[in-house]
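A quick write-up on the structure given underneath.
In this document, chain identifiers A, B, C and D correspond to the written order of the chains, with residue numbering beginning at 1 in each.
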Amino acid sequence: MINKNRFIAVIGGGQCSKEEAKLAEEVGRELARQGAILVCGGLGGVMEAACKGASSQGGVTIGILPGDSRQAANPYIQIPIVTGMGYARNITVVKSAQAVIAIGGNYGTLSEISHALQSGIPVIGLNTWSLSRKGQQDNSIIPAQNPTEAVNKALELATDQ
Amino acid sequence: MINKNRFIAVIGGGQCSKEEAKLAEEVGRELARQGAILVCGGLGGVMEAACKGASSQGGVTIGILPGDSRQAANPYIQIPIVTGMGYARNITVVKSAQAVIAIGGNYGTLSEISHALQSGIPVIGLNTWSLSRKGQQDNSIIPAQNPTEAVNKALELATDQ
Amino acid sequence: MINKNRFIAVIGGGQCSKEEAKLAEEVGRELARQGAILVCGGLGGVMEAACKGASSQGGVTIGILPGDSRQAANPYIQIPIVTGMGYARNITVVKSAQAVIAIGGNYGTLSEISHALQSGIPVIGLNTWSLSRKGQQDNSIIPAQNPTEAVNKALELATDQ
Amino acid sequence: MINKNRFIAVIGGGQCSKEEAKLAEEVGRELARQGAILVCGGLGGVMEAACKGASSQGGVTIGILPGDSRQAANPYIQIPIVTGMGYARNITVVKSAQAVIAIGGNYGTLSEISHALQSGIPVIGLNTWSLSRKGQQDNSIIPAQNPTEAVNKALELATDQ
């Protein structure tokens, strides 16, 4: 039932624009259609939109929550994980996935991108951060033009840790 | 499909006696029969035996792993969560559940019992630790005589945090 | 100046009785007199009393805080460490020490005792928890009759991890 | 003795170029000269060079270590904090400081920069990452031309959380 080789994290702001929500929802739908499990931080914004999309297609959603209560989970989370560890849960979000899709996002999302890249977990970006280091561009975030391309790239690159 | 009001953690040693494994397997079976989701630390011993039991009845198993790789999960874990946080994951194991069943166990299990009691999460004990504080017995760990009683008490006391 | 081979953690309730505060203050004084560094969770109760005692003798105090702000530290903390990780900081408190002195305490203290014993760090107890496992007493917590004995035993048993 | 209003984190790679080590050592020296406490991740590379510089001027150095043993600390760490939490310790490094100086660095450093910016802690950069978000430059990392300027800016911007 649950294919544990297809855990994909969707990361992005706890608040987001309508456009980002639309992208996230479509990413969630496509992940569910392709039988992937959606891992996220469990809260609102991009996380909620992605879970809404996945749920609409019967997908499984995991929310790795920062606080002490599962009540904070968005209504589309089926499996709430209550870490009690604040932003340290960002590390658990990405490590639990085999690839990460970043949509927009603020510094919390950037921390998740960093932790993923540090762990060798592929990151696909939809209108998100880009990085330079010592004046040279770093191309580790793999760009996608649309939700379907993001999901296809994520599933293609998903690597078992 | 997944009833998020019935997440029960099963805790105990990563290595265990045959008798403890038998108890754990029966606890896992009974949890699955009653539609509960099994949360554990994802490794061997009591954790693996409980997951084996749950799997035999079609139950869902979540393993909250201490290290950096899902490869460490026992073969019955369907949903591996990779925390990357060492023993701090013990806190996440109990906080993600609405009641905890402790079977035997060493100091790691005792830390999980402590974190659960600190968070107001009921702990049912099967042949496990007992506690005194300043010379007076502490009866917070609710004893059970057998796996079925442990599961019944856990589901009865399960409290939404 | 700072002798890093003599880091001793003092653990106990964030609220405590007058008697426990008196014990903790004397433990802090004696640690400072013997040149040890006091590590604690940085908050009130036993932690504050121990830091008060250490400060009165010119000792160094480290407070490993659960929240996101150093403002929560008691006024005797010289070195506030802000973990942002909630009760997971309990693990850091004991792992940063070479021996632990437990005074009274609730379930949070019990979790620290457990994490210390799991890591092989000696625990000295002053009117604190006692443990039985499967009906047999566990004597891992080394009892002390008074603060001076507790400090002497802690420094004697302090082991470099 | 210890001025707790001047905790400055120095972050950068566990391995680094000679040039980066030189910058880090000078940052450490200048921090110590100005009475600041140096907080870092406790390991080699930029962390070790900065601690070496601080030590040469009698400064205090705190190393917040990822693993389970203080033996991993570089030889200039006076106060080893053993978190046992892997890379989650990156969060504790920046949260324990009132400003952060980033020198070079890889994805781990980028995660620390992100966590600092998310927490509103100023970040000064010496030849390190630069960021763009959705195609627009993000100027949150405050550039410095040399170690002295970096230290002056860090102390000027240090904010008590």
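One rule holds for everything that comes next: contacts are C-beta pairs under 8 Å (C-beta built on N, C-alpha and C of every residue); 3 or more make two chains touch, one makes a residue touch a chain.
Since we're looking at a predicted model, the values are computed, not measured.
Q: Suppose you list every residue number at the subunit A-subunit B interface; are over half of them used by both chains (same) or under half (different)?
A: Same: most residue numbers at the subunit A-subunit B interface appear in both copies.
Q: Taking each chain's centre as the mean of its C-alpha atoms, give the chain farthest from subunit B.
A: Relative to subunit B, the chain with the farthest C-alpha centre is D.
Q: Using mean CA coordinates as chain centres, what's the gap between subunit B and subunit D in Å?
A: Chain centroid spacing, subunit B to subunit D, equals 40 Å.
Q: Based only on mean CA positions, could you tell me how far subunit B sits from subunit C in angstrom?
A: Subunit B and subunit C have C-alpha centres separated by 29 Å.
Q: I need the residues of subunit B touching at least two other chains; which ones are they?
A: If we look for residues of subunit B contacting two or more partner chains, we find 68, 84-88, 91.
Q: Quick check: in the complex, which residue numbers of subunit D touch subunit C?
A: Spelled out, the residues of subunit D in touch with subunit C are 1-2, 4, 7, 37, 60, 62, 64, 68-71, 77-85, 88, 91-92, 95-96, 119, 160-161.
Q: Could you please specify the touching residues of subunit D with respect to subunit A in the complex?
A: Touch list, subunit D to subunit A: 85-88, 91, 104-108, 110-111, 113-115, 117-118, 127-135, 140.
Q: Hey, which residues of subunit A end up touching subunit C in the complex?
A: Touch list, subunit A to subunit C: 68, 84-88.
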